[in-house]
Structures are given as C-alpha cells and as structure tokens.
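Same chain, two partners: subunit A is paired with subunit B first, then with subunit C.
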Partner chain A sequence: MTGLVGAVAQVVVVAVGSPLLVGLMRKIRARLEGRVGAGVLQTWRDLRKLCRKEAISPHGTGWVFRMAPLVLAGTALVVASVVPLVTTQSPMDGVADLFAVAALLALGSVALALGGLDTGTAFGGMGASREVTLLALVEPTILLSVFALSVRVGSTNLGEIVTAAVHDPMAVISPVSLLAAVALGVVTIAETGRIPVDNPSTHLELTMIHEAMVLEYAGPDLALIEWASGMRLFVLLGLLAGLFAPWGIATAGAGPVAVVLALVVLVFKVAVLGAGLAAGEVFMAKLRLFRIPELLAGSFMLALLAVAASYFLA
Partner chain B sequence: MTDRLVVNVTAAELADRTSRLLAGGYRLALAAAHEDPDALRLVYLYVAGSPDRRTELHVRLDPNEPVIPSLAGLSFPAGRFEREMRDLYGVVPAGHPLPHRLVRHHHWPRGWYPMRADAGPPPAFGDPEGPYPFLTVEGPGVFEIPVGPVHAGLIEPGHFRFSVVGETILKLKARLWFVHRGVEKLFAGRDPAEGLPLAERVSGDTSVGHALAYCLAVEEATGCVVGEEAQRGRAVLLELERLYNHVTDIGALCNDVAHGILNSQSGRVREQLLRLNEEVTGHRLLRGGVVPGGAVLRALPAPGRLMALAADVAELAALALGHGTVADRFSGTAVLPAEAAQDLGALGYVARASGIAVDARSDHPFTDLGPFAVTTRPGGDVLARFQVRAQEVATSVELITYLLAGLSPAKAPNPLHTTTPGHCRSPGSGGGHRSGPGSGVGIVEGWRGTITHRVELAADGTLRRVKIVDPSFFNWPALPVALSGAIVPDFPLANKSFNLSYAGNDL
Partner chain C sequence: MSDSVYMPLLDLACGAFLLAGVLVLWRRDLAAIVRLFALQGAALAALVIVLAAHEGSAGLAAAGVAVGGLRAGLLPHLMRRALVAGGEGQESRPLVNVATSLLVAAVLAMVAYDASQPLVRLTPTPATQAVPVALTVLLVGFFVLVTRRRALSQVVGFLLMDNAITATAFLTAGGVPLVVELGVSLDVLLAVLVLQVLTLRMRAAFGGTDLDELRELRD
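Take a look at the complex of A and B:
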C-alpha cells in the first residue's frame, strides 16, 4: 500500500515540482549574475499564460506534430512513476527496468524530433538533426552508466539497485560509482539541454538545439512541452540522487512516515542538485557545436570504464 | 578645414582618374547622384589619410540617358554605389558584373526611381523582375536555411540564406534593404538646423557620429568656423558614444556564447555610461549634444569615473578571454583575411581587427587628439574584433581625459556654445578657401567606423541634397566572406562581432 501511495506521491511531486525547480534554477542564476530575476513561481505563471492561449498548429503539419507534446509528457509521467524517487515499491516496479526507462526517455526525445521535422521548416529540421546526434551519444551513456551500477546487484531493475544501495550505503562509495556518476551527470546536462551543451534562454535560432525543435509550438502545446522538459530534468536529477545518494528512499516494509520523509528528502536533494547545476552554469559558456560530441564521447568513455571497473572490482 | 579638390571629368575619363587616385592611396568614400536642372551629376568622393586629402570627381550625364562606365572592376565599393545609384536614380552602370537590384526590392515596378524629384508617391507593388536571384548551391547533402527578415530577438530586419552541408556554411547570402525610409530625401528642402534631428536618427546607436558628420559637412558648406573648444567637446561626445556601444558589444559577445554573467556585468557598466551620457547631454543616447556651429555639454564627465569604468571593462574582457570555452569560441571563428578586408573597403573595428589601420580619427582629424594610436589586431577573427573593442574602450577613456584637460575647467559647467547659431545658418558667401559652392563633406570615425556625409545647399540656404554613408554599407559584404567555411551555430556570434547597422546601411 505504501508503495502505491509513494508512487502516486512521487508523480505528483514531479508534476508540481518540476516548474518550481526550473524557476528556482532561473532565480539562482539571476541572483548570481547580479540580477533580481523573476520569482520561483514564474514558470507556473508562464505555463498558465500559455494554457490560456489558443492552440495553433502550422499549415502542413499532421498528427506527428500534434502527438509529439503528448508523447513527451506521457513518457515523462510514466518515467516519473516507475523510477525509484520516493519508494522502491512502485506498483509498476516491473517496468522500472533500466532499459525501459532509457527507452522511454528516448521515445519522448524522438517524438519531439519528429514533431520538429513535421513542421518542414529549416529550424525544425536543424534542431531535430542536432538533437538526434546528441541522443545517439546520450542514450548509450545512460544505459552503460546505470548498467555499471547494476553489475553489483545482479539486476537491471532500478528499484533493486537502489534498494541494495540503501541497505549497504558504503558500497556506493566506489570507483565504479564515481565514474558512473560523472558520466550520468554529463548526459543529464546534455539530455536536458543545459549549458554547456545547449542554452535554454537563448533567442538565437541558429544556435538552438532543443528550442529549435519546438519553435513552431505555441499555446497549450508549448506549455505541455515546457512542463514535460521540466519533468525530465526533475526525474533525471532525482535518479542521479537516488542512485548515488539513496538515503531516505522508502524501501519494502516502510510506513507512511517513511514515505513522507522520503518525499521531503527527494525535494531537498533535487533542489540542491538543481541549485548546483544552475550555479555551475554561471561559470560556464556554451561549447562550440562540434566540441559537444567530444564531451559526450568522454562521458561515454567514463561509463565504459565504470562497467569495466565493476567487473574487476566485483 | 581641409581643402577639397573638385575636378569635373567626363564619363570617359572617370575610370582613368579613379585608378590613378586609388593607386595614390585614396579610397572611395562616397558616390552619389545629384539632379541638376540640366544634368544628372555624379559625385565621387575619394579620400586619403595622413595627411588628410579629399578629391571629388564630378561627372555630368544626360538626364534622359544617364549611362556611366562601371568602376566595379577597379573598386568593389564603387560597384555597390553604382547599384545604389541605379536603383534610386536610374543611372545605368555600363558593364557592371553584377547588375542586380540592390536597394529597391524586386516588387517595386521597373522604371520607378524613388530619389528622383519626379518620383511621386510610391506606386503599387508588382512583380516585374521575378524572384530574388539567390545563387543555388547544388550537391549531395546541400540544403538551404532561410532566416529572417523577422528574427526571434529584438534586432533589425535582414534575410540570411545559408547554403549548408551538415553544419558547415558553403555560402551565405545576406539580403538587406528592408528598412528604406527615404531619409536622404527627407533632408531635401529643410533648413540645415532642421536636418540635425534626422541625422541623429539615421542609426539609433550612432546619434553623435552621424550628427557630427552632418554638422561638419554643413559647416564646410556654409563656411562656418567652429571654435576649438567646441570641437573638443564634440570629440568627447564621439568617444562617449563609442564607449557605451563597445561595452554593449563586449557583453553581447559573451552572451552569445551563453556566458551570461559577463553580459550582466557589461550591462551594469553600460547603464552607468548611459546615465553619464544623460548628465552630459540630457539624453542617454547623447542626442542634442552636437549642434551646427558648436556643441552643447551640460556637464563634463569626470575622468575618474570613466577610468573606473574602463578598469571594469578591462577586467571583464580579461575574464572572458581567460575562460577556456569563451576563448575557444572566439578564436579562429569567422576570419576576415586582411586582403579581403582591403578589397572590400572594410572600415572601423572590422578592418582594424584584420590588421588594417583605417581610422578617421587619425586619417581625417577635426581636432587635435594628442598622442592617439590606432588599435589593430592581425587575426581577423571574432577574438580580434573583441580585442579591438576592448582596447578601444581604454583608448577612448584616455582620449576623453586628454580632451578634458584642454577644456578649461572654469567654463566646464556651462554649456559650450562657441558660435551663435545665426552665424552658421546663413549660406557662406565668402570663404575663399572653400572649394564647392555651398557643398561640404564631413568625415567622422563613428563607433562602427568612418561615417561620411556630403551636403549640398541650394541658393536660399536650404539643403538640396544630403548623401550619407554609414560604415555598414562597406562592411556588410565582408560578413559572408568571413563566414565561408564557418558552422551555422557560430553565425550569431560572428554577426554580433561585426554588429552592422541595417538602418544606417539602408537609408
């Protein structure tokens, strides 16, 4: 029962909290740059504003364009419900497989890339082409780095990986974890379109990756995409925290208090990670597009080393 | 005031005279058509620096059949001026290698020349000359990215057509001229003093540069002599304009590589400079500071304050270039070779960043600037253009300090009026050293580069023809040259490093 409550709770926290996370990160960035910045609630206000607008789809676009935001948001919600953020006892635990989660995230990205292509505009195609290039480097790294952690447990089920870590916290402190954590951290930045890979706040169409794909979206569709992008960021940061700092996550047999505590801990961990990411971005600049594959190839190498190390050290 | 040599030549002699002038180190600064009662007169202004030399070639053409042998083979800018004259006046450049329309877009009907006196109101759009002739690049994997003229950011309208393979730019075509306002025609018939507000608005960020070039031209045409103190005040305003614009660009270049914190800090410095501008002239963009016959400064900037700001800018520039990623993005991006810059007649920081020491402050000085040295960098890339700007901020503050020392402190708080406006408004009748009757030229190093204005007055003292040349007119063709071989996501950065004016280009 607590598993079901926990799963529902984590979906609600992700859904409600992700715009707040984005707002918090913008606020921190603004303050560090010496600006006042908009309030943390601004992202929610923006979403409300977009939802009140009329839905518009460009001429010549079809169901691919209209479905893309729904698929993106849908996959983000499913991932939010299965990844062990609050509880490892989700009723959908059977789906919480490493490969399934990586594939769900990829499905959302691909849907959006197809939506960008469906507009037939130069920017949609350009953004989609860049996004898929990154995706081809990001997805294997996610798979490999989590796989390195699964070797110790002997299962690719994320719930079991986290449960093992909760029961034996010292096992987390290992070269394998360190390598995997760095690799996963880098691809989280790439996957969520943050500096130095992409600049979420740019107005320069020609430099965009994620934003170029969604240029033609407006109104409620755009709100859905923004919201889903926030959820993906929240889930990936939550997963990062769950895998490498699993303390507080409710495991089998935990009571309602543990679930509440796990919620609070999750919010705290994600906020800290988000704040760290935002603060780090202030000191970074965007890489030249052709340097990004070098960065991602590097993170892939780290993930590969993590897998290798997990066999040698096991 | 510099002597200006005016030579009347025939159309046949033009090419020969031009090649001799170009060989003598002159550059074509301005070419414009004028409607005289009995002829269509073309004026080619050639200038050279150190010492300041100015020569005008005047060619009179039959107004019913104005044909001029093209100079495009001798000088690239001449070819552009010819296309402009063709579109606005119907002067046919015979033998021009690229006789496409330049200023008038293709939907304007054939045979309508908006600058002519008998042009009348704009006619209805048609499509008489077909679509715009974009050069199509063909090959496996080559595709086109059209961008603009409406952009996502708050920038001026321009259409860019990229032919790319993957992310690499094979060819870039910049299609401009979306903002033609007929400024030059608006000048005609106005009193010279009434032309000033127009000159200040040619390009919003170059109020002082254009106002000063205009005033210098009007003063030469009217034979008005401006006091040394007022000229120094004007030079101070010109440097203040350079300061706030360079600081804006330094921040914007950092912002374009997503290093936002330096942009925020540049914004802080910029705002202090704008407030200083307001104290000095009563206008944040320095309007009203330069007037025909003098300068109006409500207060003088404190050198200490400017030096503190210059130190801030130097620190920001050092932080930017000390950042590995920022330096990597700037270095080797969009290289404009010195030879190309020379051939295209590039001006301002674009030319200086390619190693060409062209600067009207040393070539065509209107007041003594003391130990002024032109800043150049050899690289020709975004980094060089960034460094030239950063260095020029320091130079400008030094110049202002030098100029302020010459402005007597006792007079400082008072407005610096040196000549009564009435004296300068009347068309000069004497002035034996003056060359053209009622005509004058003003050459000023605006923050973007050398601005040239040429004014002709009618017998009653009103403006008959004003020709304005913004450095952007020369520099726009350099952008596609610098970008060949660059990658698409670097275009905004390269474009910002040029930061050319659309409004100043298209008058």
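Take a look at the complex of A and C:
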C-alpha cells in the first residue's frame, strides 16, 4: 500500500516540482550573475501562458510532429513512476529495470528528434542530427554506469540496486561507485542539455542542440516539451541522488511516515544537486560542439572502467 | 591490518592509479599531463604502502616511500623543468584523436582483463586481482608512447609503462629484490635525464619537439 502511495507521490512531486526546479536553477544563475532574476514560479507562469495560446503546427508537418511532445511527456511520466525516487516498492517495479528505463528515456529523445526532422527546416534537421550523435554516446554510458552498480547486487532492477545501497551505505565509497558517479553525472548534464554540452538559455544556431529541435513548436506543444524536459532533468538528478546517496528512500515495509520523510529528502537532494549544477554553470563556458564527443567518450570510458573494476577488484 | 580496511584501501589506490593513467589520454595540456603523472606516482606509492601495512613488512614500506619520492616528486619535477625550458604547452595534434583514443583505452582495458585471467587464477588474492589494472596502464602507456607527437608526452607514456611494470611486480610478488628495484629506478631516472637534455637540444637545434617533423636528417 505504501508502495502505491509512494509511487503516486513521486509522480506528483516530479510533475509539479520540475518547473520549480528549472525556476530555482534560473534564479540561482541570475543571482550569481548579479541579476535579480524572475521568481521560482516563473516557469509555471510561462507554461500557463503557452497553454492558453492557440495550437499551431507548421505547414507540411504530419503526425510525427504532433505525436513527439506527447511521447516525450508520456515517457517522462512513466520513468518518473518507476524509478525509485521515493520508494523502492513501486507497483510498477517490474518495469524499473535499468534497460527499460534507459530505453524509455531514449524513446523520448528519438521521438523529439523525429519531430524536429519532420518540420523539414534546416534547424530542425541540424538539431536532430546533433541530438542523435550525442544520444549514441549518452545511452551506452547510462547503461554501463548503472550496470557497474548492478554487478554488486546481481540484478539490473533499479529498486534492488537502491535497496542494497540503503542497507550497505559504505559500499558507495568504492572506486566502482566513484567512476560510475562521475560518468553518470556527465551524461546527466548531456542528456538534459545543460552547460557545457548545450546552453538552454540561448538560440545560437552554431551551437544549439535541444533548442534547434523544438524551434518550430509553439503554444501547448511547446509547453508540453518544456515541462517534459524539466521532468527528465528532475528524474535524472533524482536517480543520481538515489543511486549514490540513497539515504531516506523508503524500502520494503516502511510506514507512511517514511514515505513522507522520503519525499522531503528527495526534494532536498534534487534541489541541492540542481543548485550545484546551476552554480557550476556560471563558472563554465559551453564546449565547442566538436569537443563534446571527447567529453562523452571520456565519460563512456569511465563507465566502462567502472564495470571492469567491479569485476577485477571484486 | 584487517581485511575490511585493507580491501577498500587497496581498491581505492588501484582505482586512483588506473584513473590517473587513463586521464593522461584525455588532457591536451602538457602541464596537466605531468600533474596526472605525479598523481599516479602518489597512487602507486600508496598502493605499495597499503601492501606493506598488510604484510607488516618495513622493507616494503621503505620501498613504497622511495617509489613515491621518485615517481611523485623527482620525475615530475624534472619534467616540469623541461616543460618550462621547452615552452610548449599543448599536445597539439595526436596521431589518434582524443575521443577515439579514449575508446581505444576502453578496449585495452578489456584486453588487459582478459590477458591477466591466467595470472589471477594462479593465486586469487585481492592483490593479484588488481593485476588487470596494472596491465591496463601498461597498454595505455604504450598507446600514449606511439600516438603522441610531443617528446614530453612520449616520455610520460614511457614512464606510465614503467609505473605499471612496478605496480605489477608489487601486486604479484610483493616487489622485486631491492637491488633490482634500485637498478630499475636509476635506469628510469637516467632515461628521463637523458630525454630532458635531448629535448632541450632538439629545441635548440630545430625549434620544436614535434618528433614527426624530425624524420629528415639536417646538418
């Protein structure tokens, strides 16, 4: 029963909290850059404004273009419900497999890339091509870095990995975990399109990736994409925190109090990670597009070394 | 030292050793490469000292301190001096680009793991289980040696190989006899000194240490 409550609670927290997380990160960046910045609620206001506008699709686009935001938001919601953010006892535990989660995230990205291609504009195609180039390095890295952690547990179920980490917190401090944490951190940044991989606040044609794909979207569709991107950021940061700092997550047999506590801890952990990410972005410049594969190949190699180390140092 | 402390410390030292070796491939900045090499020397020293503490051997601990002094102190210092005198800050155009060489390093790690399985099976202790780490660094060092153009990064590649050989010796056999270790260390020191002088001479004569441009003889 607490599993069901926890799963529903974590979907609600992700859905409501992700625009607030984006707002918080923008606020922190603005403050550090010496601006006042809009309030934390501004992202929600933007979404409301977009939703009230008329839905427009460009001339000549088909169902792929219209389906892409729905698929993106849908996969983000499913991932939010299965990943062990608040509870490891989600009723959809069977789907909480590492490969299923990575595939769901990839499905969303591919749907958006196809939507970008469907417009037939130069920017859409360029953005889609760049996104897929990065995706080819990001997805294996996510798989490998979580796989490195799953070797110790003997299962690729995310719930079981987190449960094992909750029961044995010292195991987190090992070369395997450190390598996997760095690799997963880098791909989280790449997957969510933050600096130094992509800059979410500009529309510069030479460098933009995510913004180039969604350039043709407007109104409610754009709101859906922005919301889904926020949810992906929230879920990936939550997953990062859950795998490497699993304190507070409700495991089997936990009462309602533990679920409430887990919610508070989750919000705190994600806010701290997001604040750290935003603060780090202020001090960093975006990498040249051609240097990004180097960064991602590096993180892929760290993930592979983590897997190798989990075998030869075990 | 009890096993519960020994295992994580050994793993941590091996992890740092491996990471420093592989990160050499990632960085283009020669000063950063030298820093990474110094870090690897420190990790190697820590590895030997952890082994010494586990076996309770004072001689091994002394060897660890000596290894640390040479590989984390003296050799990086010499290379830094060569770097300042040479005045070239960047590994400009490696023969294999950085992204590919990182992926090659991943393959090399797999090869090392596979190749060292018979060795590990002989005596499966925690120390011998870390032998694949040393072999990976050996292969990465060789890769750096053959794909980099600057004389200094080739020296670092050579020294990575030497670090890896030393690590293998300590992990498998608890170190080689002191005379051999001393001889090898002096050899390495001498090689670096000679290479440093050579780098300076090359720079004085040709104005650069890009070895690919030195294929023709000049008078």
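The rule we apply is simple: the second predicted complex is superposed on the first by the 313 of 314 C-alpha atoms of A that agree within 3 Å, B and C clash if a C-alpha of one lies under 4 Å from a C-alpha of the other, contacts with A are read in each partner's own complex, and residues count from 1 in each chain.
Definition applied: a residue touches a chain if its C-beta (ideal position, glycine included) is under 8 Å from a C-beta of that chain, and two chains touch if they have at least 3 such contacts.
No experiment lies behind these values; they were computed from the predicted model shown.
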{"item": "Which superposed partner A:Arg52 touches (first subunit B, second subunit C, both, neither)", "value": "neither"}
{"item": "Partner chain(s) touched by A:Pro196 [first = subunit B, second = subunit C, both, neither]", "value": "first"}
{"item": "Which superposed partner A:Leu179 touches (first subunit B, second subunit C, both, neither)", "value": "second"}
{"item": "Touched partner set for A:Gly298, first subunit B, second subunit C, both or neither", "value": "second"}
{"item": "Winner by number of subunit A residues touched, once subunit B and subunit C are compared", "value": "B"}
{"item": "Which of subunit B and subunit C A:Phe312 touches, first, second, both or neither", "value": "second"}
{"item": "Touching partner for A:His167 - first (subunit B), second (subunit C), both, neither", "value": "neither"}
{"item": "Touching both subunit C and subunit B, counted on subunit A across the two superposed complexes", "value": "none"}
{"item": "Contacting residues of subunit C [partner subunit A, same complex]", "value": "8, 11-12, 14-16, 18-19, 22, 26, 97-100, 102-103, 105-106, 109-110, 113, 116, 120, 129-130, 132-133, 136"}
{"item": "Complex contacts: residues of subunit B adjacent to subunit A", "value": "143-147, 151-153, 167, 254, 256-261, 264-265, 268, 323, 325-326, 328-329, 487-493"}
{"item": "Interfacial residue positions of subunit A with respect to subunit B in the complex", "value": "29, 32-35, 122-123, 126, 195-196, 199, 201-207, 215, 282-291"}
{"item": "Residues on subunit A engaged by subunit C in the complex (per definition of touch)", "value": "173-176, 178-179, 293-294, 296-298, 300-302, 304-305, 308-309, 311-314"}
